[in-house]
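Next come two complexes built around chain A: one with chain B, the other with chain C.
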Partner chain A sequence: MFSFEPGTFLFEAWDARYQLMAGLAVTAQLSVLTIVSGSIAGMIGGIGLTYGPWPIRFLLRVYVDAVRGIPVLVLILFSYYGLALFGIQISAFTAGVVALGGFCAAHMSETVRGSLESIPAGQTEAAKAIGLRFGQRLRYVLLPQAIRRLLPPWVNTAVEMVKGTTLLSIIGVVELLLATQQTIARNYLILQFYFAAGMLYVLVNFTISQLGALLERRTAHLRY
Partner chain B sequence: MAQAEPLLRAIDVHKKFGDVEVLKGIDIDVHKGEVLAIIGSSGSGKTTFLRCINLLEEFHQGEIQVDGERIGYTAGTHKRLGEAAIAAQRARIGMVFQSFNLFPHMTAEQNVTLGLVKVQGRKKEEAVEIARRWLDRVGLTERRDHYPYQLSGGQQQRVAIARAVAMEPKLVLFDEVTSALDPELVAEVLAVVQDLAKSGMTMLIVSHEMSFVRAVSTRVVFMEQGRIAEQGPPEELFTQPKSERLAAFIGRFAGRAH
Partner chain C sequence: MTYQFNFDPVFRDFDKMLWGLGLGLYLAAIGLLIGCVIGLLVAYGRQSRITPLRWALWVYVETIRNCPILLLIFFVYFGLPEMGIYFLDKTESFILTLSIYAGAYLSEVFRSGLTSIPVRYVEAAKAIGLRPWQRQRYVVLPVMFRITLPALSNNLISLFKDTSLAAAIAIPELTFMTRQINANTFRVMESWLTASVLYLVTCYGIAWFLRRVERRYAVIR
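What follows is the complex of A and B.
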């Protein structure tokens, strides 16, 4: 049953272990970079969308709607080939981070805006009444309440980003999917290796959603 | 009442929402230690006036001064002050809302200390001491570590009052602080307000609780369609209303429990 001969899945997987691990590492790096940068930018974008003066709100609105309307793959191709046309030379990896980070930022901006707007106006008024300035109101009153509403959609976006990294295989970033395909090209164990890769993505995303659930439980005492 | 400078002075305050003028020229002086009750039918502009004083609404004509200082706008013009200046002025005026508006992610004590620490720059220990003193005063010694959702409406409102008065504002605004409460919880909140009124705090109280207004206020203002229609000491106003509108208004409340 568990034969360890050349041509069997276990043998080939063991043989390609460094290549696959390297691919997984690239996927992890891409995911962390895009989720972190996209979340930070989205936090700022969402605050701008909610409280910014109208020119800022307008520009952010255009950005968010455009990026959310464009297929991620088009964004990736644009940042890889398109930016080169303008003389901006970046590696496929960087282009991927820019495209996915920008995509993540657009979605997060919208999520942050939604969470901030769902906070009753009385909270802002009470915070103003005790003399808190704008930055203080955000930091001590609004964001702590927004974070809790933010967690479930944030987990969704993060999971989408991990899955989205597979699209970077198209511009030659050797992340987990492309590493898997390169392995398959040598051993032809198509089903087994795609299945294994799929399981690895599930594992990563399951970890993320467990993390989200943990954070939700941590803030569960804040019932509002 | 021929004192020196009034603590609060409103001069010809006008406020529009779109094309609708809801304050049509409010003039009033309130002196230190006065408890001014504002009554009037729904939509007469009572809330709007309080919100103008605390700069939660902008107004487009007239002027409001607190302790001689012009509020919200630079003197001589109608240019809105900057964020920091407005925040500093608001910190000297307390406000208690109909819907409590406690910060749900903070305990009762944290609700009170937030402004003391972040606005007044007090040390944490000092702020906690002040917060505990005020929570004692409003009868919530045991509840200081409770979150708002663990408190009844009446308890939440008492925390909100402690949060406002702990900042030692020159003036405290109360906007129908009992109308969101179940009837059996009204008394405990009114008792707290009355206790503070007796201590000499300057207050503006909007309320539909006529017997409370009568007991607690030193002067009553009757508002009608964005104007002050009538004002005077409570006994006089309630027993000998000059206008028919006020007589009718008081008549509607006669026979009510509160």
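What follows is the complex of A and C.
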């Protein structure tokens, strides 16, 4: 079973190691880029959704609800085919980051809004009473408490984003899934390679979830 | 930077898009139905006293939940024929994938639903002399379905959105049709805007309908 000859899984996997590792690296890059940009944008968006003046709230609401009601794949194809129309010469990679980042931002905004609104009004009132300005209220009172509630859904979103990067294989970004498919096209070991790639994703995502759970326990004391 | 909108070529194929939308809804509904059965069995199985069974089901749930659905779709579509299962056409193989996928997510929903049923309900059922399966059939399951209804509708909506991935194995649902129309007519903005609006309207339609159902069956505790 564990023979090392051409046509066996081990040999072919070793043969394709650089390709698969490059794919994994692209997946990692995509994930980090979308999660970081999406989280930052989502944080701002969430604060805007909660405390912004009504025109900003309205615009953000439209954006968030629209993005959440459209499948990610459609967003990706839309940005891939659509952005080129405006003379923006971008690669499939960038189009993918834009679409996934926008998707992540919408979900994060909603999460941030939810966790900010779940903080009792007494907290804000007390902060106002001791004379903190808006920025200070956010910095010292609201965000530290919101973070605690934010973590579980944030980790979920992060896992969803790692899983979502596979959709970019459809527009030709050679991430782990497409690299696997290219390898399969060469050696036809369909089951073994899909299984191996799947296990790799499970490993990465399971690690993220477990790290999230650890972080959650660490920040449990932040509750009031 | 100026773009001339011309929806005519897209609307000429509008019936195709609607057919694709219908197919997506059909796939999501079947997936949810089979997924519910799988999810229920797994949820009960994970309460069983047989430790290997519990472990096996835990592995199933965690694997499926952490695996990208696109990879699962390809694994089932291209991989099963390798194992001698070659009588599934692409729609059936997609439904199979979607059901397995939904089953893992729904089992978690049902598991939390089962644990959230007040013990006194079961005790009351025992007191009036219901047999174990009668307790499940007449007390636990109806209450659990009502409790989990909001989570179920969320799952249906996300399953419906996931049917867009069927385009990857050339199932003619909305995304696939839109891609074809886009390629044939080059009306990029128009075709994708139309598809987006169709998805949006359908998602919010489902959400609106299910919220009414939820209100109708809300559990008063």
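Following the convention adopted for this analysis, the second predicted complex is superposed on the first by the 222 of 224 C-alpha atoms of A that agree within 3 Å, B and C clash if a C-alpha of one lies under 4 Å from a C-alpha of the other, contacts with A are read in each partner's own complex, and residues count from 1 in each chain.
By definition in this document, contacts are C-beta pairs under 8 Å (C-beta built on N, C-alpha and C of every residue); 3 or more make two chains touch, one makes a residue touch a chain.
Since the structure is predicted, the reported quantities are computational estimates derived from the model, not experimental observations.
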item	value
Which partner reaches more residues of chain A (counting touched residues only), chain B or chain C	C
Which of chain B and chain C A:Gly122 touches, first, second, both or neither	first
Chain B versus chain C as contact partner of A:Thr111, first or second or both or neither	neither
Touched partner set for A:Thr166, first chain B, second chain C, both or neither	second
Which of chain B and chain C A:Gln145 touches, first, second, both or neither	first
Which of chain B and chain C A:Ile130 touches, first, second, both or neither	first
Common interface residues of chain A - those touching chain B in one complex and chain C in the other	none
Chain A to chain B touching residues, read off their complex	120, 122-123, 125-134, 136, 140-141, 144-145, 148, 221-224
Complex interface listing, chain B residues touching chain A	54-56, 83-84, 87-88, 90-95, 97, 99, 101-105, 114-115, 118-119, 147-149, 160, 163-164, 167
Touch list for chain C against partner chain A, complex	1, 3, 62-63, 66-72, 74-75, 78-79, 82-83, 161-165, 167-168, 175, 178-179, 182, 188-189, 192, 195-196, 199-200, 203-204
Parts of chain A lying in touch with chain C, wherever the complex brings them together	66, 69-74, 77-78, 81-82, 84-87, 159, 162-167, 169-170, 177, 181, 184, 190-191, 194-195, 197-198, 201-202, 205-206, 209
